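Could you have a look at this structure, given as structure tokens, before my questions?
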Amino acid sequence: MPALEIIVNGAPRTVAPGATVADLLADLGIARGRVAVERNGAVLPRAEHGRCALVAGDRLEVVAFAGGG
Amino acid sequence: MPALEIIVNGAPRTVAPGATVADLLADLGIARGRVAVERNGAVLPRAEHGRCALVAGDRLEVVAFAGGG
Amino acid sequence: MPALEIIVNGAPRTVAPGATVADLLADLGIARGRVAVERNGAVLPRAEHGRCALVAGDRLEVVAFAGGG
Amino acid sequence: MPALEIIVNGAPRTVAPGATVADLLADLGIARGRVAVERNGAVLPRAEHGRCALVAGDRLEVVAFAGGG
Amino acid sequence: MSNDVWSVGGHTFGSRLLVGTGKYASIDQTRAAIAASGAEIVTVALRRVKLDRTKPSVLDAIPSGCTLLPNTAGCTTVDDAVRTARLSRELGMSELVKLEVIGDERTLYPDNAATVRAAEILVGDGFTVLPYCTADVVTVKRLCEVGCAAVMPLAAPIGSGLGILNPHIIKLILEMVDVPVIVDAGVGTASDAAVAMELGCDAVLMNTGIAAAKEPVLMAEAMREAVSAGRKAFRAGRMPRRAYATASSPETGLIGDGPAKLPNSPVS
Amino acid sequence: MSNDVWSVGGHTFGSRLLVGTGKYASIDQTRAAIAASGAEIVTVALRRVKLDRTKPSVLDAIPSGCTLLPNTAGCTTVDDAVRTARLSRELGMSELVKLEVIGDERTLYPDNAATVRAAEILVGDGFTVLPYCTADVVTVKRLCEVGCAAVMPLAAPIGSGLGILNPHIIKLILEMVDVPVIVDAGVGTASDAAVAMELGCDAVLMNTGIAAAKEPVLMAEAMREAVSAGRKAFRAGRMPRRAYATASSPETGLIGDGPAKLPNSPVS
Amino acid sequence: MSNDVWSVGGHTFGSRLLVGTGKYASIDQTRAAIAASGAEIVTVALRRVKLDRTKPSVLDAIPSGCTLLPNTAGCTTVDDAVRTARLSRELGMSELVKLEVIGDERTLYPDNAATVRAAEILVGDGFTVLPYCTADVVTVKRLCEVGCAAVMPLAAPIGSGLGILNPHIIKLILEMVDVPVIVDAGVGTASDAAVAMELGCDAVLMNTGIAAAKEPVLMAEAMREAVSAGRKAFRAGRMPRRAYATASSPETGLIGDGPAKLPNSPVS
Amino acid sequence: MSNDVWSVGGHTFGSRLLVGTGKYASIDQTRAAIAASGAEIVTVALRRVKLDRTKPSVLDAIPSGCTLLPNTAGCTTVDDAVRTARLSRELGMSELVKLEVIGDERTLYPDNAATVRAAEILVGDGFTVLPYCTADVVTVKRLCEVGCAAVMPLAAPIGSGLGILNPHIIKLILEMVDVPVIVDAGVGTASDAAVAMELGCDAVLMNTGIAAAKEPVLMAEAMREAVSAGRKAFRAGRMPRRAYATASSPETGLIGDGPAKLPNSPVS
């Protein structure tokens, strides 16, 4: 089965078939505690990160708080 | 044939059957040069005042310029 | 020996012959700790209040601190 | 008879014995109409320019109007 | 100087003072004040005729050469404003309209969002739209995008006479738009009008500042001169501000004993 | 309106703008600016003639009808100021003098105390003294007591163009003195001049505000109009300031279905 | 005094200073400045994580007791703002959001109309919305109508430090709304913050005013005191302004020969 | 921060707020307000004792650690002021004196010339003289020349509460003198005090601003904080003013479809 093409934070990325959002974050070395994820325009609650399998063409936003006013 | 009930500038008024807008203005003693007329929400061009027969329920606005800033 | 006429704070006053400034203040019921005295335009130091005998025509100012900005 | 040393506008100058203020101005090429002269701290009226003989040590100010606010 | 003109909607004007016709004591006073103001654009309102009696028309007060600028004052909805504008066009035979959609009664502040919508409709309808708005850069951008012929930010609440409360934002707007910027509302006295023009505004519109003065006709004259003065000062390029004084002339040549010790005339 | 004149030292003037003659690029520019300003009183400084060459006199720039107002600019002592005034009188054939005794080099602030002393001497000497001073009520009182014909408080440092930094104190001075009050120094642009006149000042004196503009002649014209505008606004009596908006016309008569629901034209 | 608290969205606060977390030199400086400010509400932005490296989180700089106020800074559409708010809620576990929809790049002025629409959506979505807006009475009314928990009018452009450019309009807004009014943007120094509070605002939000000072931590302390001082002055009820001086004490009792001729101490 | 002290006449102080003792409703209120103000220097006036009755002394209201600063308020001549100062020294056991020589009744403006003369006498007499004066650069120079330990220019008329009417001239004075500059008179609310300190003044003296507030004790606290805030802001070095907005963070990293298109959080 071929790898999946998705978009993460605006850039293309390839993930293994069956990979979940949690897998992706682990891959990226991102501690889950401090990020939020939007999938195809809707927030993906943290509780679902481990259940949600990625699909080809998914558009993810992975965000965190930064300094701002 | 009974008189027609219309609304002129927000107040009820009775006009004779067949009366035109021009007739109404003449009745009201209004010089046509300095007023504009709206009939049921649309401007009634001056050229049509004499042709436009009033219909029961018509809502007219007869307006003129006044001091303002 | 007749009483002496002096001016205290702009008003005439009579004192006994031989009276000192200290006597006057006592007479007036003024605690010496919180007033200063000027005699004929010059400050009379507190230490001299008891030594300074009044002379007819003396002009005294007896002043204290008051609220001000 | 020796020439006279005077001060004109803060600088030393030599004039011939017997020279008047008018002579000096003529020497300097100054039209009399537009200057005023002060001699030793006092204004010398124009009418006296021709009569006033210079004396050694005289301090003259020769002034005119200039642009100012 | 004679050719310092400005244009809006294809009309060209020499005077940069626009005046209203409300609040005067009489038609005669209105006429005299307009004449004294030298205004070439005069605003009028539209209202229902009184059906029972005739009275002199405000039009009698307006010099024949003037351009009428009907307003939609008092309108609080897009629909009322559009209908009022259309009736005004029918009356005035002109496509010019001063668009007002009021959003708050006490301050007579415009409803900017509704104003943008009404402007879009009226522009589509062929009007030359001059909208009253707050001094808000984004509203002004939108008004330009929908095709307004000018923008008319308020300087202070209508009829308040408080002057140019926020000159900085007027300057930001001037840097941002290509259409004429006309300060509308808030001018209370001559210097306010001059300040508006010195900022670089194309024109000033006022009514109460003249009509509510003790002597309106004299104030109209003052405003005429103030607008002209402010415009000329803008064109002339004011001196730079300096924290300290600066003497004017060479600092030599004063009377005194030795080397000249006093500067020549510092200027005021 | 034609008779809104003012007087100082027995002279009567129609123009309320006094101008200086320093800092211009040329005599021609000076002449054109003075003419454009409409000023009837023109200040000049006094300085030592250059002994070596002749150059055009500033007097060539001054229209024949104007009144010369020689100053004592640059003087820093009573004695220098008095001597300078006397020389100016000899030159100008007039008893008028703008008295300046400078007390600080960087700000060109006057030495008020020395100015009072010099004024007293010059008044005794028959001069009509117009003293430059700070906007200080006590100094102004003293200057009046010694017989000055006017007082000329500064609005901001000479040549700074900062405008009327403290309008409140100018108002206090106006309420306090009977002689003309002429704002001298600090006016940077037309609106500054208008503000001074709206406060109730009798006249404004300026030099750098005109001469240091990019286009001095156009600015001179702006200043002429601004002074006139400010004066007329003062005489006309400005509208009262209001915190809120005020509609102008009867709040009835707007189009709409039922009872008229919109106010007539609120005026700008 | 201890109970001079204020509330927004069901939260109650003692401090009336809200601070941002942008533009600091380091996380340590951020932390020290927030601590010095005494702020109980701290704004943060949301952005994409850098996928390649880990760096300290801004959250490390925020004292544990503080309430996070995520913003939607940088968003220019309703949709982006709504999505950003939802992500922030997911991150912050809180329903609070500082809503910004920017409409102009150079001034960072809000798009008020879009802000109202986004606010309506977010309120419907259960958010406690604190919208950044211009000081426009009609926009503020609309924001209240759609259920915002506070309004946050700008005092001057974001990051400009120009202070309260139009205090009058802030006062009009205060008289008009029931929710807290928080001045957001434009405060440049301590007195600006005090002025905002003296007008009657409920709180002040700032970032650059602290972070861009030469010594941010000291400025944070200054701002804490200034906000408190302004609030207390507002509550204390300032003295009336008077045109003239007023002596304080009975005008008798001074030294002097006859009847007392000098007033007692006039107060400063 | 703990060592941000200042000195006058050999005394060193931590608080930069000096307060008067006039106009309070009672001695108790005076005491509470002084305590709340944190002032370390407290002014008092001198007057003739009432010969007929005893009443509580103003001294009872002054915390024991405070330094008394007797004034010569109400004096209108050099002689009265000098005599009053000498009596105050006799009473207060201190060489400090706030010198006032009033030259105008309605504005309570000082007679600067007389003040300089009185200062010279008192300095010769061993006093540490803090003179009340107008914000006049030349007067201030003279006061320094005769040996005053500080200068105390007025910000606005005594008891007027009009605030810092001319900040520019206060700045010029600060650049010019080496002794402490204490703004005296005119402060009406907390932000006025902060502004004075932000200009760089060493301290502020006030009385009516506190005593005539509706709640003087709360206002005293506000003033204490405002003076401290203004001082800290001055020391911290305020951000530069900018005409436009400036975003704070890198302009990348916002959510969105393609390349990040939104700036990170612009800060308020």
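Letters A, B, C, D, E, F, G and H name the chains as they come in the text, with residue numbers starting at 1 for each one.
Assume a contact is a pair of C-beta atoms (placed from the backbone, for glycine too) under 8 Å apart; a residue touches a chain by one contact, two chains touch by 3 or more.
What you see is a predicted model, and the numbers here were worked out from it, not measured in a lab.
Note on connectivity: the fewest steps through touching chains from chain B to chain C is 3. Minimum number of contact steps separating chain A from chain G: 1. With centres computed as the average of Cα coordinates, no chain lies farther from chain G than D.
With each centre defined as the average position of its C-alpha atoms, the distance from chain B to chain D rounds to 94 Å.
One finds 61 Å separating the Cα centroids of chain B and chain F.
One finds 68 Å separating the Cα centroids of chain C and chain D.
Among all residues of chain B, those that touch two or more other chains are 9-10, 38, 61, 63, 66-69. Each of the following residues of chain G touches two or more other chains: 20, 22-23, 43-48, 71, 73, 83, 87, 106-107, 109, 157-158, 162, 168, 172, 205-208, 211, 243-244, 248-249, 253, 255-256, 260, 264-268.
Touching chain H in their complex are the following residues of chain C: 8-10, 28-31, 34-38, 41-43, 45-46, 61-69. On the chain G side of its complex with chain E, the touching residues are 103-104, 106-107, 109-113, 116, 134, 136-139, 141-142, 156-157, 162, 165-166, 168-169, 172, 176.
Taken together, the chain G residues at the contact with chain C in this complex read 248-249, 253, 255-260, 264-268. Against chain E, the residues of chain F that register as touching in their complex are 1, 20, 22-23, 43-48, 50, 71, 73-76, 80, 83-84, 87, 100, 102, 106-109, 132, 157-162, 184-186, 188-191, 193-195, 198, 205-209, 211-216, 218-219, 221-226, 228-233, 235-249, 251-256, 260, 262-268. Against chain E, the residues of chain D that register as touching in their complex are 7, 9-10, 38, 59, 61, 63, 66-69.
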